[in-house]
Amino acid sequence: MRRSWLARGSLLGIVAALVLPAVASADTLDAANNGVLPDSVAINSLWVIIAGCFVMFMQAGFAFLEIGFSRGKNAGTVIAKILTNFSIAAIMYWAIGFAFAFGNGKIIGDAGFFLRDYGDPQKAFAVMGLSDATIESKWFFQFVFCAVSLAIVWGTTLERIKFGVYVIYAVVFAGFIYPIASHWVFGGGWLQSNIGMQDFAGSTAVHMIGATGAFAVLLQLGARRGRYGPDGSPRAIPGHNMPLFGLGVLILWLGWFGFNPGSTLGALDGRFPEVILVTNLAAAAGVIGALTTSYVTTKNIDIGMAGNGAIGALVAITAPSGYVEAWAALPIGLIAGIIVPLGIAAIDKKIDDPVGALTAHGLCGVWGTIACGLFTAPKFAKYNAIGNPDGGLFYGGGFGQLIAQVVGLTIAFIFVFIMSYATFWAIKKTIGMRVSEEYEDAGLDISEHGMYGYPEQFIPKSEIA
Amino acid sequence: MRRSWLARGSLLGIVAALVLPAVASADTLDAANNGVLPDSVAINSLWVIIAGCFVMFMQAGFAFLEIGFSRGKNAGTVIAKILTNFSIAAIMYWAIGFAFAFGNGKIIGDAGFFLRDYGDPQKAFAVMGLSDATIESKWFFQFVFCAVSLAIVWGTTLERIKFGVYVIYAVVFAGFIYPIASHWVFGGGWLQSNIGMQDFAGSTAVHMIGATGAFAVLLQLGARRGRYGPDGSPRAIPGHNMPLFGLGVLILWLGWFGFNPGSTLGALDGRFPEVILVTNLAAAAGVIGALTTSYVTTKNIDIGMAGNGAIGALVAITAPSGYVEAWAALPIGLIAGIIVPLGIAAIDKKIDDPVGALTAHGLCGVWGTIACGLFTAPKFAKYNAIGNPDGGLFYGGGFGQLIAQVVGLTIAFIFVFIMSYATFWAIKKTIGMRVSEEYEDAGLDISEHGMYGYPEQFIPKSEIA
Amino acid sequence: MRRSWLARGSLLGIVAALVLPAVASADTLDAANNGVLPDSVAINSLWVIIAGCFVMFMQAGFAFLEIGFSRGKNAGTVIAKILTNFSIAAIMYWAIGFAFAFGNGKIIGDAGFFLRDYGDPQKAFAVMGLSDATIESKWFFQFVFCAVSLAIVWGTTLERIKFGVYVIYAVVFAGFIYPIASHWVFGGGWLQSNIGMQDFAGSTAVHMIGATGAFAVLLQLGARRGRYGPDGSPRAIPGHNMPLFGLGVLILWLGWFGFNPGSTLGALDGRFPEVILVTNLAAAAGVIGALTTSYVTTKNIDIGMAGNGAIGALVAITAPSGYVEAWAALPIGLIAGIIVPLGIAAIDKKIDDPVGALTAHGLCGVWGTIACGLFTAPKFAKYNAIGNPDGGLFYGGGFGQLIAQVVGLTIAFIFVFIMSYATFWAIKKTIGMRVSEEYEDAGLDISEHGMYGYPEQFIPKSEIA
Amino acid sequence: MKMVVAYIRSEVFEPIRTELLELGFPSLSVTEVKGSGRQRGVTGRYRGAELTDYLRPKLKVECVVGEPDVQVIVDTFLKHARTGAVGDGKLFVMPVEEAYRVRTGESGAVVLQAHRDAAAAAAG
Amino acid sequence: MKMVVAYIRSEVFEPIRTELLELGFPSLSVTEVKGSGRQRGVTGRYRGAELTDYLRPKLKVECVVGEPDVQVIVDTFLKHARTGAVGDGKLFVMPVEEAYRVRTGESGAVVLQAHRDAAAAAAG
Amino acid sequence: MKMVVAYIRSEVFEPIRTELLELGFPSLSVTEVKGSGRQRGVTGRYRGAELTDYLRPKLKVECVVGEPDVQVIVDTFLKHARTGAVGDGKLFVMPVEEAYRVRTGESGAVVLQAHRDAAAAAAG
């Protein structure tokens, strides 16, 4: 009784606080009203918002990548999931996530809850102070990053997880796990400012973190039925739709043109086109590396590997994209491309990762983070004012940056793994994690959503009106 | 004889007039040539054009939403329709629509036919004078709005309407109905300037108007065969492809990031990122509202409802997006999300709206328009200089704005309904509105377009080369 | 022995040269560091990059257009192809293509290999000096053009070509054929600067060139099995998925809003919205022209023709889009729309072009190029400072421009045809060009890629885990 | 034992299934087939070239019953499947020599249908 | 009455259908099936793991005719369906005891095919 | 000659196919069908309205063998197809009067299966 009254009281408090006018926030509107808003705000915000829109569209990319790799009986659920997750993330990240992630503080951010009452945004979110884009544009950009990271988590869980798991973990991930971890890595926290870890757009902060969640859930979820033979050998469960998979990959590739270059948080320094060039070269090398490797090892021009090669390379170039010169994109992307088929084959032997997310986002995220320690050019280290100003190993900067990278990603991995494992453990013990065998065989679309994603493929014509 | 001669004469006249050099239009080219075009023109135009491109892409969103909700035998026709409608709308809106919609005048605009001979665009289209974006960019932005509104009309008509109906109504709608109604609501007409109706990006002007056309046609078209049992009870006709439906929803969501924030018509006041934030929060709340409501009422995690919840909330936030603070997006979106499953269930009982457009664009459009009367913040009312500067009911502005909203949307509804009903009535009496039963059973793809949209699903392998 | 040593040596040399710091490139970073980078650089780069992103997304457009027009057994291979081609093109165009295309020189460009060591980019790539967008943004924009042209080549080759052919030709095309030919037409080469050929965004330089490659390969590849009856009469091989075809068309349409208006290479002159208007009107007229023509000739509302009508008109308006007034877009687009069904029907009689690329990109590219000779307005000819300042025939400029156009496109055609024919001839003689009949019957997905694109359509449930 | 094989329009199947269920014949199998007969084919057009599909979609229903029940099955089909237009389909009766229920391994006419409980289920 | 059941390659069906139509046998039904026999399966690969489909696509054709017509049907199939490679398929002849035309309720051999008008239609 | 017609769950087919192959019966045909029997239908929901699919997916296997081989075929099916739950399916044995191999034109029981080489292939 008492408790519920309290709960209601604090809810009321929150609502009341929200409705009261925000005080002391440096107001874009006032400046605009008084005609003193500099053009630079508009120009930088424009780029941040447009880049953010491209990144938002990556939700469709992940959805179709997953749909393509699912069987037809589990194709519709992906849509419900992506909408639900994106929505929960939006509200959580607005309420608390952004404040934790980008407010000032070594361990956790402290300002911007409900994106209000933060005073001067350039000071309240000092790590993003290099750009004068409006705080709403920065919020939007960082939110879509959070949503990408969350989308990555689910790559390992297709075709057998309960829908409720998405809902609960999304709240925790977008409200706490991602904000805190990303705060450490690129939100001004200790890994960035004390260790000097470099992660331009989130090989670790977004991709490796997402893959770590994906790993934590997979360990407790187990493989799809029939994925391993009685003798434990892996069996093929081919995805039902390579064209839609390809649509996903192409949308993600496009999205990365917002993801990496948008992490400049502005246009006025003219850096973003260089970041696009670097990003694109890496992806290209990744496709070539993955196709060649998989052709050599399996004598097949594997469509899925071509796509995952692009993704893996894009993940890998994400951290270095603002720190390296164009040429370095080729080895970074190529090696990521080589990692993809080898990593997938190795992981497939034991655990069931239907889309290859552990490899493409996990291993390649690690590789990309490490790559900064090798390839960072001094001029960019200096310009970004993060890490060793003498650059990575190959530029004569020694092992310093490399060590910072390894330390940083290890800590981020451990934190996210523990938090995620615990969350999933609690979910498993309470509502449960996995649908029944009967549901799994029938497919999630009909069992959890009441209707097939492709009704005409499953219900005879005579039964449909 | 005489008549055709006359017709030919006036046609010639139009052509001749078009070929003559445009006089007295303030010329961007001249300014550019003389190096006196201010940067602001480029910056504002950039945003308007890019936002317009996002909105244009909503055509794909509507197409795939409709395709997903159709049966496989009627999937291809949607492509032909969307291309035809968009094309007709482009030409009509260029020829006359834009002039009617955005030229000056309380009842109907008067300048800009064929987008020429309008003199100084800042004066000729005074209602858009707040931004110095080039007139072509404004035209493009307003045209894609018109095309969205037209696309909404057809949501109720899937799987049984004659293709010719699209063609005729598109001419009337893009040339007259939409321009006039939208002129009243946000083109400087009497509802806006005299009644003080607020509609930032078109909950009424675009969505409710489209849904009104959809209602008018549905009343005369009737339900799909088999949609209602012999006893009148509704039967399920499941759409054939939830992944493609989801693609449509995600594209629409992205498109709304052009739709609402682009309605600032410029970037330099730094307002557009706030509008994106508001828009996104509402959509998120809409998904959650719709899923929760439909889960409570049907025990299903309904994929279609999740998507329509997003759409409904996006429609609802469209009018208030430039007038409300971020927190208000939550109740506005949430309520729209709740409206969606309830509205669809209620409407389904009697009339056959295959995609739920009457609810998502109609009811939610009404709700969004009304919401301005409740949630408009004084500072934004003042900034936009439309409606009650004391804001909506919840900000202490009293019932004034609420009444203006209700009056405005009622008048818009009546006008569009009468015009549309009459147009469809005339079509029905002349060329007819509905394909034969035989055609309907076979599907529109093979009967109206000569080939199935998915030939391999319908023709045995032995018959295809 | 000797030779391989040499080869290795020069490879090392290239790598070494790349790793050495780039000297004497006017550095955006320095300028940014010193705070002297003008806003105009950011504004122009923004537009070029965003337009380039839209054009990059056209890869998805081409992929889905081709997928839609293929049979289901050949749907997956398109994804592998598009990723491979785009990747090869990226690396080749970065290494040498861009330098050949946009460095200075009448016959071939000479600077910017690996996009470095070019000195002052405004001087090194003088033809693009009109805009101060960063060189990386210009590279990106020109690269995605190259990738579009390459994608067009493969339209004629669906469902029967060996994957290896893509790889080899992509290297030659993106490294040599396209750069040289486009250099002549719009990279400052002799057709542009001496003949005065006008091609704003590449009706010839991108589309006709791509279609010429498509023609050269088709002549040596032959028709799909079963495409012509024993008596030589064409038989229908319907594409398997009109919705995905439509997705492709809509993405391409969107992409063209980057393609043509982005060819201004900047935003500050305010020209790009006019180019969008022109582009959109032409596409609209194209849809109407194609649908009307095909309805008149075949009594069908042909979905494929509607889409190809849009594409054909967009191709046609590409050259004139920066040279003509809005009204001219209507006849240009309309005639392209009429060309589409007639051209496809004529070509179908003899050679097997599954997507209609020879018509949509070839014939319509020719028409668009010629259209400049008819419709170019003097004011735009002057503004662009290319060709006859008195404009096209219909503006009283006489036949001069028309002749320049015909001469230019003929030379471009001959050059590309000979180069391509020879390349394909060499491929055919060495690795071969066409898969075995058995592979063709089984489909390329299973035979070349080891798995169907839609496994569930081909493998019974009992065989899939 | 006989197998009644019916080629019918798919839209008439539901009433047949329901009535058979009520009569105590819940067990049957259906296949989507294409049929040729008096009914005309459908001619499509793709990029100008004609493509005629001479085969129309039909539903094939197989129902194995004991000899004495054949007539009631046939009558039920005839009752519901007739629209009077060409394309209504045909019924054939074919001999079946032995039958086994997989679940139990039982054989003979007893396995064919499940009269009592099924009828009860339909009623209840 | 007999049902000729043929499992053939789908690409040989059209000439068979045409010739049967000309011979006065327009009525038949086809089903897309998968068959196993001498023909080898197809081995795919997905992410390294092999996946073999041992079944090849075939077309099953069912044609019920009167006893005297069986041979001409069989001969027509044999004539067109033979490529000489493994996988050409098989024909089986099965007894049919009764036949009904749904449209009219008629029964007996008279309902099986529609010799005259169909042949006429094919000719015309 | 007899045709063994089996309606079974699709997931039990692979072991049956393998064992039949080893036993020298490589030749059979399968069709995806939907069946009704004791097994309950599945009720979906679309926008509130219910939609019940009373038919469950089954695999129909047809295998024509000589009379003496019928029992071994039946036993193989019964052995692998039984899960003990409703929906396991049924087997029917139907008479076949004649058989032809298309590739060679041969007829008679000799064409039905390919005992030796197939069994050898399976072994090797």
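Labels A, B, C, D, E and F are assigned to the chains in the order they are written; within every chain, residues are numbered from 1.
Methods note: a residue touches a chain if its C-beta (ideal position, glycine included) is under 8 Å from a C-beta of that chain, and two chains touch if they have at least 3 such contacts.
Quick caveat: nothing in here was measured; it's all calculated off a predicted structure.
Asker: Counting a repeat as over half of the contact pairs in common, which of A-F, A-D or A-E repeats B-D?
Answerer: Answer for the repeat of B-D: A-F.
Asker: Could you compare the number of C-beta pairs in contact for A-D with that for A-F and name the larger?
Answerer: It is A-F, judged by the count of C-beta pairs in contact.
Asker: Could you work out how far the Cα centre of subunit C sits from that of subunit E, in whole Å?
Answerer: Distance between chain centres: 48 Å.
Asker: What is the distance in Å between the mean C-alpha positions of subunit C and subunit D?
Answerer: 55
Asker: Quick one: report the Å distance separating subunit E from subunit F, using the average Cα coordinate of each chain.
Answerer: Here subunit E and subunit F have centroids separated by 19 Å.
Asker: Would you kindly tell me how far, in whole Å, the mean C-alpha position of subunit F lies from that of subunit C?
Answerer: A distance of 53 Å separates the two centres.
Asker: What are the residue numbers in subunit A that touch two or more other chains?
Answerer: Correct list: 39, 43, 46, 50, 235-238, 241, 247, 298, 300, 302, 450-452, 455, 459-460, 463-464.
Asker: Give the residues of subunit E touching no fewer than two other chains, as numbers and ranges.
Answerer: Counting only residues that touch two or more other chains, subunit E contributes 30-31, 34, 44-46, 51, 54-55, 57, 94-95.
Asker: Contact residues on subunit B for subunit F in the complex?
Answerer: For this pair, the touching residues of subunit B are 234-238, 297-298, 300, 302, 304-305, 341, 344-345, 348, 356.
Asker: What residues on subunit E touch subunit C, complex-wise?
Answerer: Where subunit E meets subunit C, its residues are 34, 42, 44-46, 51-55, 57.
Asker: Give every residue of subunit E touching subunit D within the complex, in rising order.
Answerer: 1, 3, 17, 21, 26-31, 64, 94-103, 105, 111-112, 114, 117-118
Asker: Could you pull out which subunit C residues touch subunit A in their complex?
Answerer: Checking each residue of subunit C against subunit A gives 18-19, 22, 28-29, 31-33, 37, 39, 41-43, 45-46, 48-50, 52-53, 56-57, 59-60, 63-64, 67, 75-80, 82-84, 86-88, 90-91, 94, 114-116, 133-134, 136-137, 139-140, 143, 163, 241, 244, 247, 445, 448-456, 459, 464-465.
Asker: For the complex, which residues does subunit C have touching subunit E?
Answerer: Those in contact with subunit E are residues 442, 446, 450-452, 455, 458-460, 463-464.
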